[in-house]
Each structure stands twice: as structure tokens, then as C-alpha cells.
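Please go over the structures that come below.
Same chain, two partners: chain A is paired with chain B first, then with chain C.
On to the complex of A and B.
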């Protein structure tokens, strides 16, 4: 389809951009939040459809070399739009967002998604940086939208400060890469002879990106921001932004395929992230904080695939990212559903969930089993692929560390299941939870995806594998 | 042949039970139970068909079905049974069916209970028939996980602690299996996960075999109740509800032993040879230790729990002889112990359901108060002691005979363990079943004909294969190379 008019390649992004503009216009003309929500949700679903249709696109819609549309980018864009649609589906009621800001949420959700979609296509360092910031700013603003001013401010400021520092490091890294290569085009960097300066530049660039994925030691924002951000925003940060982060990380890593230093760094970060993330998650009582620490651990697993710097490793990381976000979404859906007043759910508030809202209970179960990496969820297959990739590169002990970490994580994931499936104790709220229809729909969709890909991972794995092939060949 | 999909149909019966359970509204508890019993019965009938149709003359893997699953990664849904698989599939079907019948009186959250139980059985069937390492491990994990909610919700006696302990122990096993199993694939050239293929491909890599064998052996061994990693087993047994104990001790622990046989020893024979002295020793310690500890227990279920450690030690010892006779005996013991323990737990469950007490010291003369229920327990005890006339006699006979030949010192030590076994079994019988009756239990109701059904089936199987061991041994022999 490379013969198509170039700008057609930009169609998926254009739909999301249009959604952002529509949301902006509607909120400017003081439409009710419900109307804005309907419009953006509908358009996000359309964007999913367009992404599916555009899976075969490849080419360059803009100037040569700066923006590439290929299977890799389109696959991740599909994940991102699905993430957007799912997040919007659980956003019809926004008890945890301050009322005056309701209509702002769809605007920034779509803008953030747009930034991330462009991020996975960017193949030029400055473009990459600009769209990285586009997605980041949307997230900073949304993190601060909490109904309770003080907490909202805390979440926003913390996220912004850490983010700004990370961004500065990335920018510095990019400048070093430019200094070493003399070009900002990714193809030039990849084909350039490796040098110490280049490797340093790549490492610094990666460091800024690790912030996005919440890799230790760039994770410090995550627990506080997850806890204080509105539930829907935490959902978005915990799902879509992880897809984008994995996408851009593997892209940047193609610039340093033969660098031992990068590999060593990744091994260290992977081990530390997995271990610290899991151990810290053990101690959490607040469900969102627990999920934040669990994200840190999962970042470590994803690195396990990337650090091999092989096609198989990249493919497994892509597969992991594309399945992880749905699984994490299932967990966040329960967070949204069990807090009708927008409060932060504790483990205790899950008690009796299986009876108060059976669907949410099952979705949460699927999410927890998925995060724990238990079949028949893609969490299991994803880990299997990651571990296989690492073993292909002879990292036997690293895989053992990863597998033992998965065992540790089981403790806190199963604890959530136990609370959700415990009988309601006396004096505890046992009324049925009201779960609105779009949320139910999102629950069914997430569970359907989890079970389908869990039993039938073949097609997605093939796509991930082809995407990795394209990524490594295209440079 | 029109039977090529037979194994898949068997695999689908618990899945059908699972789906039926989800679909039927929770208040229709009887419908849920009937649906489960129905599908369990279908599975049982199909398993009997497989058992009788298995071609002894041809041997090897039969009823094979081979469909690509994740083709580009070499993963294929390859199912087939050899002599060992046939026997274990039958075991699982029997225990599932009798387990459903045993839980007929359940009233607490019937729907979720049967859903989790069907999922567990689904996993177990999958393991016994798969010939692909990925598929094997996939089902293995599916089987292990439902134990957690089953014990944590429906259990008794420190149920949450026991459930978590069990799960974490077993998952540590899985943590060893992850690198262990995947490295088999890598060593085999990264093309296929097929067990037979891998066995051929890794044949000439002795160093690799020796390196990876302990990971795979211990990984599976934990689930088989291998000493010194058996700690989860007695507490798990005690806390689990009756049918779950039945499935757990009766079938689930066999998954571990089966994994050792099929994958550890099957793919890594050289590694097995090198490590056999160590693992035969730990197995023997398990036999003696389990029996020894069982002598001091006052809780019915703890006695059975530790006796399982001891009996599974016999299985592991048999496997570690690495001989056809020892292996055949071990597989027969897996079957016999599975049925026997199911009977044990189901007998104890019957008494516990009425008394909510399992302390042996609080009972006496049960054989007068509830003669039928006591008879079940007595039969299970006799079988546990390896009395001739029951299936386990032949199994233990084979294992000990071979053990004495292969590892004389260990064989003698294991035989001493048998003495302890007789002691603890007779102690329980003497205290609880015979002797002066405890008048506070005079009111107990004896087993109704309906409650007798599952127990009688189990006894029937034990006696049948006790008198006609060749029916089962002939099939096992086709797989263990002993004709």
C-alpha cells in the first residue's frame, strides 16, 4: 500500500487528533460532559477500527526519514487506541475528578494518545522528543485533576518534576547522539559506527525513557502519582503509556545493538526493578499503590526481553506490552468500579466483590491471574516468550530470578483475589455495586481479549514477531 | 480410526462442566451438581473407553492428535497417551466423578466451588495427555492455581495460611521449571517443544542434562511431595475441603511424579542417572520420615497427609531406580495411591461433616457407631498398609523388589518405613475405629446408600486391580519397556 497518497498513512492519528479537537470545541462551547464523552468515546472506537484497517500500511507520510509507518508502529498504535477506548469506556462517571474539569479529561486523554501514537512512529530524534513531550504534558495535566485539590496538586507536581528531570536527561542524551553521529535521523544513527559517545548518548536517552516505564531507579513518582491521580488517569498511565514506553524503548535500543554497556545496564535494571517492585508491592494496602509497584516489577520483566537485543527478545517485549496493558486495565477497572465516590480502594473494600458485582469480580480475577502470569491468560504466554528469548541468549540465571520474582508476586496478587472472593463480613457494605453499562462493556472486552489471546496467542505473537523483524531491519 | 479426537473430548468434559457451572444461575445448586456429575460421568466413560481400547500389542503413543498452536514458536497442541497416560487419565476421571458425588451435600457457594474444581480437573487431564512441553506446563499451571481459592474459601483449619503456603511452595517449583523447561527447548535447537523430539535432540548433551536435571526434577518434585520440600502437603491436605483433598492428594501430586517421569527422566536420562543416588535417597527419607511423623499425629487428616508424603516417596523411589520394573511399580502406585487417598479423605470427610472434629483421641469404637463409614476408612487403611488383595500391594511389591536390587541399603530402609506405616495405620484404627466407643458420637448417622456410591466405586477399583493387577500392569508395561 506504499503507493497510497502519503497523508493517508496518517489516518489513525488524524482520527484521534480530530477527536481531541472535537472534544476541545465541544467543551469550549459548554456542552455537557456527557455529550463530550459520547463524541470522544465513539471516535476512539472508530480509531480502533481505522487502526485495524491500517495494519498493512507502510511508508512515510511526511519528509523522508522522520516518521515511519510500518507494522511495528501500526501494531502499537492499535494497542494505544484500544487503551484509549477502554479508558474512555470507564470514564462516563468521573467521581474522582473535580467537576469543573470533567470535560478536560477527554481532551487530554486523546491528546496524550496522539502523542504516544506519533511517538512509536517517530524515527528522527527531534520529532521523537517533541511528541514525547506532547504525550507527557497531557499526562502531567491529567494527573492533577483529582477532586481533592491538595492530592491532585501533589500528584501533578511530583509527576511533573520527575518527568521534567527525565526529559532533560533524554534531551541531553539526544544531543550527545547528534554530536557523535552528526545527524538526527535514526537510520543514520543505526548505521553509524559505534563509539563511546554514542553509547553514552543512548544510555542517557534510555534513562529518560525508563521514567515512562517506571523502571527502577526512575520509578519514584509512580506510587504517589498512581495513588493521587484520578482513577481513570491512573488507568491511562498504567496501560496506554506503558505500551508507548515499551515501543519507544525498543526503538531506541535498535541504535545500540552491539553495545555491551547497554546490555549490562539493562540486566542490572531488570533485576533491580523486578525484585524491588515485587517486594515493595507486598507491603501495600492501597490497591492503586500496589498496582504502581507491580508496574515497576513488570517493567523489569519487559526489560528481560529487551536486554537480549535480539529479534526474539524485541518480539517478546512487544507481545508483553500489548498483552500487559489489557491485563493491567482489568485490574484498574476494578479500582474504578469499587469506588463509586471516587475514593481510593483499599484491599478491605474489595471484600465480597464477587457478590456485589460478579462481573467486576471475574474481571479482577482475570487481571490478577494475568499479572501473576498464570494460564490461561496471556500473562503466562508473555512471560514464557520473554523467558525463552532470554534463554536463547543464555541468561539462565536471569530467567530463574525472573521466575522466582513471579512467585513472590503471586502472594500479593492472590491476596487481592482472596479479598474479592471472601464472603462479606458483618457490618461491611454488602449492597450490590452499580456498574454503568460502558464499564461493563469494557470489562467484557478486556476479559474477552485476555481469554482469547490467552488460549490463542499465535496470531498476536506472529504480528509481534513480524513487527520486531521490521523494526530491526528498518533500523 | 474415528477415535482420534477422543482425548480432546475427555479434556473438554471438565471444560464443559466449567462453562455449564458458569451459565447456570447460582441459586440452582442441584442443577449445577447434576451438570458436573453428568460431565464427570461422560469423562469417566470416555476414559474407560480409552483404557479398554488401548492397543497393547502396538504400545507407544496412541490416539495422537497434532494441531499447530503457536506454530512460529514451535508450539503444537499434541496430545496422545501411552500406557502411563492411559492409567492416569482413568485415575483422574474416577476421582473427579467420585469427588463430585462426595460434595453433593455442599451448600456454601456451590457455583464457584464447582467452577474452580472443574478448572482444576481440566488442567490435570491436559497434563496427562500432552506431548508438548509448553502445553504440558500450560495445563500444569492451570491445574495448580485453583487450589488456592478452593482451600482459602472452602477449607478449614488455618485455611488462608495453608492455601498460601501450598501455592507459594508449588510456584517455587514452577520458578525452577521455567528456566528448566525452556532451556530444553533451546538445547533442542529451538524448533520444537515436542517431548519425543526433545528427548532425541538432547540425547548427546550429557553435560547439559546433568546441569538442568535437578531444576526439572525438583520443580516437579515439589508437587509430588518430595522430601524435604513436602511442607505444603500435610497442611494443604488438612485445610482443604473433602473433594479438594481427594483431588489434591489423589491426582494433583501425581502431576509432579508424572512430570518427573515424562520430562525429567524421559528427556534427560543421562542426568537422571547421575542424580539418581541423591534423589533415591531423598525419596527413601520421605518414605520413612512421612510414616514416622504420621505416627505422632492426632488429626485424621494430618495422618493421611503425612502418609501421602510417605507413599509418594515410594513412587519417587520407584522412578529413581530407572528400571522398567521400578517405574511400572511407581506408576501403579500413583494409581493405587490416588484411589486409596481419595477413599481415605472421603471417609474422613464423611465423619468430619457430621462431627466437625478430626481429633483421633476424641473418637473410639466408630466401627460400632457408624459401621459402614468406618468400613470405608478401614479398607483405605488396609490398602495403605499394602495388604494383599488391594491394588497398592502389587505396586509397592514391585517398587521394593526393584529398590532392593538397585539400591540395597535404601531398599532396606524403605522397608523399615513400611513397618511404621503399619504402625500408624493400626494406631488410628485401634484408637478411633475400635476400642471403647465415645458416647457423645452415638447419634452419628451412618452412610446412606447414596453417600456410599462414590466410596463403593473407589473400593471396587482398589479390589478389582488388587485381584487383577495384570489388567493395569500390562498397559503400564507398554510404556516402561517391560514386556
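On to the complex of A and C.
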């Protein structure tokens, strides 16, 4: 190994790293939370701009083979920075986080995003493992920051123990891959002839990564963690971390393109995740718990594209990840907005939302229609691409299962909308909700993205296709 | 000693760790199980390094050093969160941490 590459390729990550350092320095010198929030939010918006500008970057900023910047990584990094900026926009008021920890939240949000951004570029096993843990540790700590420590501790401990066990399984898988190939570079792994040891290693590696996406049976943490983590943290786990998880899964799957065992596993997990996720979501009263189960179901849909192991399938999974996170964000924004005291919103507390906060009502409507896959939202377009990719590879019955599941999910998503557009019953709180300006801004931004991509999916789809092409060609 | 015996030992360690994670009820015992799984992976890396014609043996050694460092960081985070649970409940048994349901 010799010589460093072009360090300017690292610019988007560097901006986010700088934001984390600034947030850390400011909180260390006891600045008010508001000041820390302004600085990090501003820098996260700058990071979005840098990501757009760096879309055409490709090359290797560090030693050869370990870290690749290409269209695939830059596209996902754009999604991740948008996710960070949106999450920070709804974080100006933090009623659900304990007061002494307010300034810690921006630090861990930016550090977690940094880990995820590096994750989608990592092309070497050690790099992959280290940045995977960087993003995970930040999430573990954030999940435990709930104002009510009893719940916070429970959410943190469940997330951490499941997560640590999952990453240990991933690590064991990586060690087997190293044993089978004798190298940690992804290019060597891809070009190496397949062996039982290699396939077993890839399967174990995938198992740990399924945890991140909350695929059944690695989903057990999701409902409890979503319910008890602070709303902003649940938002972050439910949006940005899903983009990163889809990105890294797609990348790891390029190592197993001719393995039937891997494909069978993915088919089974996809069917079980969709079905169990949707059925469990039907029974939920707590809005955040319902969203957690809906995440499990959507992980199943995303796997539907990946399991074809084709360029079209990967492209549809990338497209789905990049649209899903905005839609899910719209739903979480409503959770943040209807709980000014930081309590967990139930379906009943949504009653009369359309009158108490019209903007939040509309954003919630867009989010729920998107999650349910109603046209013209990108939720519909994304499912359309996933299903047609699966059909292309002759998985008709899988598409049937997916379509039945999408129909089941209509019920509970539209039930939320029905509650939100119901008139306020007597004795129920009917005062207008105070929604702060940054949250409104985030609502408008999410709405704008949903409507724009809903009506013009073409440009994003072309980018996703090119990204999948780059990914499969790069190996 | 040959490669098989090392890989077998690491498999046993990994299985023991996984069993501890699933079967033990004490949070600290679960944490120890996770550590066993990490060490099983480390042992694998060193064994493959020693017995197989790997491209560059320093890679496997570096990997193990990183695993040791990250495991220490993980324990620090895990213990601090377990401490939060302990302060609230005075117990660290998974059977007691079951308030969230639905």
C-alpha cells in the first residue's frame, strides 16, 4: 500500500465531522443548547449543499482499495445528510430528552451520521467494521437519553445488547470471510471463487446487518426502542439509519451474487418481515410502536428488491431507501409535533389534528399515504420499482405476497389519517398546537420532496440505476 | 496444533457466547457473552493469519487490535447504560426490564 489519494473527496464527511467537533467543543465550554443547535443545524445544511456539489466525485481519498467514493456512495450520503438536517430541524425543542443531555444530542446525531456516511463508502472489512460501530455507538447512547430515565434505560439497554450481539455475529462472519479469501479488500472477496466458508461468512455478516434494518427475526429491539427513545432519536433511527442499512446491505450482497443459499435466506426473511410487521402494526395503539412495526414491514419490501441480486433489483432498493426515509420522516414529524410535553402520542391524541395544526395534519397525511403506497407519492413509485424488479426475475408469488401485505397496511395507515381528520370530541384538548418555525420548515421540506419525487420520479430513478451500475461494476 | 483445532476452539467460544446472550438473565452475564463472541472472532483472525497463505499478515493483526479497542469502548457504553437501569430499579435482571409492551 502506498500513497494517499485525493483528500478533497472526503469533503462531505469532513463537514459533518467538523460539525461534531464544533458541537462537542461548544457543549464542553457550556454554551447554551440553543447555540449548539444553531451551529450544528447550520453546518448540516452546509453538508447537504456540499453533498449535492460532490455528486460527481469518484475516486479513493485514502489508501487504495479501502474507501471508495462513487455515485452510489455520494447518492446515499446526500440522503444521510438530508436526514441529519431534517432531524436537527425538529430538534430545537427537546421536551422528551433530559435537560442535562440536550447538548449531547447534536454531538451524537452528527457522529452517527458520520459513521453512516463512511459506512456506505467502506470497501474493506476492517473499515466497514470500525465505521459500523462508530454509527452504532452513537445510536446506543442517544436511545437512552429519555427524560424519564426508567424508560430511557430500558430502551438503551435493549438496543445496545441486541446491537452488540448482532455486531459480534457480523464480526465472526467477517473473520470467516477473511479465512476464505485471505484478504480484507472487498474487490478480492468479490473476485474470489465461492466456497462454503465464504457463503457462511457472508450469511453471518448479513445477519448482523439485518439488525440495523430491523428485519425479522432481528427486529425484537425495534418496537421497545422506538417507543422509549426520545422522539428525535426515534426519528433518526427510523430514517437515516435505514438509508445506511440499505446501502451497506446492497454493498455486502455484491459479495454473494452467485450464492443460492443467500438468496433463499433473503426470500424467507423478506416474506416473514412483511407479513409479521404488518400484522403486528395492526394491533398497535401507540403511534411510535406502530411506526416501528411498519419499519419491519418496509424492511421486508426493501429485501424484495435486493434478493433478486440483479442491477434492477439493487437500483429499486436504493430508490426505495432514498424515498422511504423522507416519507417516514413526515410521519415522525407528526409524532414530534403533537407531543409538546414529550409524551408518547396515542392514536386518540391525534384527534382534530387537522384543525389544531393544519400543516402537521397535511404532512402526516403525506407520510401515511406514502407509507401505504398510495399514488402519486414516492411510496407507490418505490413499491412499483421493487415489484417490477422482482417480476423481472420471475418471483411472481413474492410480488403477490408483497401486494397483499401492502393492502393490509392500508388499513392501519389510513386509520391514523382518519383519527387526524376527525373532529375533536368534547372534553378533548382542542387548543391549536404550537409548532416552532424549524419544525414547520422541516415539514415543508419533507412535503416538497415527497410531492416532487412523487410526480417526477425519473431523475432520482436514473441516479439510482446509475448507482447500482457503478456498484456492481466496481465489485 | 493445526488450523482446525483453533477454528474449532473459536467456534466453541462463539457458541458459548451466543448461548450466554440468549439464556442468561443478568445484563452483565449477557455482556460477557458478547465479549466471548468478539474474542472468538479475534482468535479466528489470528489463526487464519498464522496458518493460511494470506496476502499480508499485518492486516489480520491490525484487525484484532481494532477489535480489542472497540470492545473496550463498547463495554464503557454498555456499563454506563446498565448503570442507568440499576439506579432506577436496583436490579439488572432482564426479567425486570419489561415495562414496554404492546
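Some observations on this one:
Heads up, the rule we're going with is that the second predicted complex is superposed on the first by the 470 of 475 C-alpha atoms of A that agree within 3 Å, B and C clash if a C-alpha of one lies under 4 Å from a C-alpha of the other, contacts with A are read in each partner's own complex, and residues count from 1 in each chain.
Heads up, the rule we're going with is that a contact is a pair of C-beta atoms (placed from the backbone, for glycine too) under 8 Å apart; a residue touches a chain by one contact, two chains touch by 3 or more.
The shown structure was predicted, so the numbers you read here are calculated from the model rather than taken from an experiment.
Within the superposed three-chain model, A:332 lies out of touch with both chain B and chain C [touch as defined at top]. In the superposition on chain A, A:176 contacts chain C only, with no contact to chain B.
Once chain A of one complex is fitted onto chain A of the other, the partner contacts of A:404 are limited to chain B, with no touch recorded for chain C.
Look at A:388: by the touch rule set out above, it reaches chain B but stays clear of chain C.
In the superposition on chain A, A:160 makes contact with chain C only, while chain B stays out of contact range. Contacts of A:458 after superposition on the shared chain: chain B is touched, whereas chain C is not.
On chain A, the surface touched by chain B in one complex and the surface touched by chain C in the other have no residue in common.
Of all residues in chain A, only 354, 369, 374-376, 380-381, 383-385, 387-388, 391-392, 396-397, 399-400, 402-404, 406-407, 410-411, 414, 417-418, 421-423, 456-458, 461-462, 465 touch chain B in the complex they form. By the touch criterion given at the top, residues 7, 10, 14, 17-18, 21, 27, 30-31, 33-34, 37-38, 40-42, 44-45, 47-48, 52-56, 59-60, 62-63, 66-67, 70, 73-74, 77-78, 81-82, 84-85, 87-89, 97, 99-100, 102 of chain C touch chain A in their complex. Listed in rising order, the residues of chain A touching chain C in the complex are 125-126, 129-130, 133, 137, 140-141, 144, 149-158, 160-161, 164-165, 168-169, 171-172, 174-176, 178-179, 182-184, 188, 223-224, 227-228, 283-286, 289. Residues of chain B touching chain A in their complex: 68-73, 109, 112, 134, 137-139, 141-142, 145, 148-149, 152-153, 160, 163-164, 167-168, 171-172, 174-179, 182-183, 185-186, 190.
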